[in-house]
């Protein structure tokens, strides 16, 4: 695959009240690649993806998406460029039906008619396996199903870059397996940035792994390289329960 | 009167307004700070204080001073009790949800106001001050023989108005001591900082809230009892204090106690001074818009700290 | 029947029912209903912002009064033709809502309520300050010429009723269509979870701004209509009271339902109408109603109906 750069960050830095959550992060993501972002709790992973999609402004540094500097863009414009984002803490429209949750994601942009929106929403729900629950109220779904609904809301946008923040947290083993095959079925069409604690999922999905520690990039490489990296072992793998 | 004496008079009147305002706004500020709710009925608790003071003073029928002292002791207690009961009956049942609390306290506002109209009636009624001496004030003038003191006509204040300022200072100091030196103050501050943590450490948050709501209303009532000898009791008198207290609490930084006092002095003095020189309506328009702008562009208040 | 058909039938049915009531009810109640319908348009405007977008304003009297005074003053001062004055009334609301929205939307939650309250208060005081021109609290009566639109005398009971009904029908069917539209659904998404809506690519700031302007303009149209139909313009309509009324009506009838505002106004109007028969302190009833609602039916009458079965209620 030709290595076309989709996303690039240059010296991306975020400080909260003088404390650096991210400092000088340089990261490049190629089109079609699946990258896992790992690191101990508090390493700044969620902050980093938050900076990518504009949930809060960076203190300094730049983000490029498809060659365009999007550092100053508000969140909704970045999403409209083709970045989908799922929250670490489940955040669905709890009082609306499951179908409308996904339809809202499909409807934005305004190109599709309502019938096409509904079809697309149902297709996305079928893909994650909760089409039979389309008419339930989202808040009534089990926790695992709400996580899956979040993924459907991302999928339906057919994003160029799909950012998933700890998607398998709280899923059952069979749901995790379904998730892994879902991600693998996207390989090639969608670029994926995955924050993940479950090392098994990481090893089964990611082509490259970037390790963050204390808000800095500690290492980057293929799963094999990362396993062999002593610094990573010391900082993360050695202390992790994964 | 010349400009100088006129300004002195305006400043003194402003100080009286500021003293009452500091008490009333402090009540609102404590409630907001600890409970994180906006009490729209705060002005009605103020009004209740004045009306109950009138009832107490007239039913005693003794020397004005006895009636006034009785009112000053009993009216705030009664108002505080009413507020605490409303907290238990209403606010606690809607879990202090900020928006529903506003709606509920609007309901409370109408109930208190209209209940007063039904019992107390639509008239404004005075309470006699315990003492009331006119104190003429001197002004300096550059005369033939150098600096000279003279007493301009109309430049005076009453002993009672000076008492208002003193009494407010005493009460506010008392509140500050309660907040910093007592167990109840500690509990309030703990609840203010982290409600859930306070609960974990065994603070009876429910009861604390009832006391705090009562204390807030009681402070408004003290302000009203103090003011009622110079401004009559009326069932609609709670409107302006509510708005001004809002302004003070916002300018002072929501929930900041020193900020509230400073802002009360600032607003009270400005209000007093502006309304002596300009149309009071224009003064109010400017003040209201200024406060709205403060909230829009500096939501943490003038004295509050930035959240980030 | 599909949900869409049910909803259509319901709204058209309400309009037809109101038309029939004109022939059935005694004159006193026909007069009341005309007033109720205009106030319901105000409530529908308020509901767009509060019920559907989730923004609680305590300053809508400013918009209602902007429409009322925009219409009334242009007739009173310059003798503007009625149709043009009506447009000016709506435009005043649009402009005022545009400015207030731009400023107030920089805040949220409690601060938003207080800022809107403050702006409305400043508006009311401005009316008082220019008392010699606006006649302040006392108000003024709209001239007969000002109440004639396209040759129709709107001070006539029957004409007034039909004019009010046309206005209400437009507002009711308009919102019913709006809330099912792309825009309406996006507004609901903002109400339900603003951050999520933003992270789905919706420009939530812009959506909220649109909601304020739409809501403010519709409220202003109601204000102008009130002035033309009942022939009176006064400062009372700019007071805090008139900011709280629509909140009350909408909460009572059911926030975020199309028919809730109308139900709320009817309920409240007759509650006050009946209670003021035996007490001056009729607002007492309003206070009690608010408390009861807040405690036991936070979703209002139509909201309760929806919760207990009619899930399709828009």
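When the chains are written out, they are named A, B and C in that same order, and each has its own residue count from 1.
Keep this in mind: a contact is a pair of C-beta atoms (placed from the backbone, for glycine too) under 8 Å apart; a residue touches a chain by one contact, two chains touch by 3 or more.
As the structure is a computational prediction, the values presented were derived from the model and not from experiment.
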{"item": "Furthest chain, CA centroid comparison against subunit A", "value": "B"}
{"item": "Dominant interface by contact count, named by its two chains", "value": "B-C"}
{"item": "Chain nearest the global centroid, as defined over all protein CA atoms shown", "value": "C"}
{"item": "Interchain centroid distance [CA atoms averaged], subunit A/subunit C, Å", "value": "43"}
{"item": "Distance between chain centroids, defined by C-alpha means - subunit A, subunit B (Å)", "value": "52"}
{"item": "Intercentroid distance (Cα basis), subunit C paired with subunit B, Å", "value": "34"}
{"item": "Subunit C: positions in contact with at least two other chains", "value": "none"}
{"item": "In the complex, subunit C residues that touch subunit A", "value": "182, 185-186, 188-189, 192-193, 195-204"}
{"item": "Subunit C-touching residues of subunit B, taken from the complex the two chains share", "value": "38, 90, 93-94, 98-100, 102-104, 106-111, 113-115, 117-118, 122, 243, 246, 250, 279, 281-282, 284-285, 288-289, 291-293, 295-297, 299"}
{"item": "Residues of subunit C that touch subunit B when the two form their complex", "value": "56, 58, 103-104, 106-107, 109-111, 113-115, 118-119, 121-122, 125-126, 128-129, 244, 247, 251, 279-284, 286-291, 293-295, 298"}
{"item": "In the complex, subunit A residues that touch subunit C", "value": "53, 55, 74-77, 79-80, 85, 87, 91-96, 100, 103-105, 107-110, 114, 153, 157"}
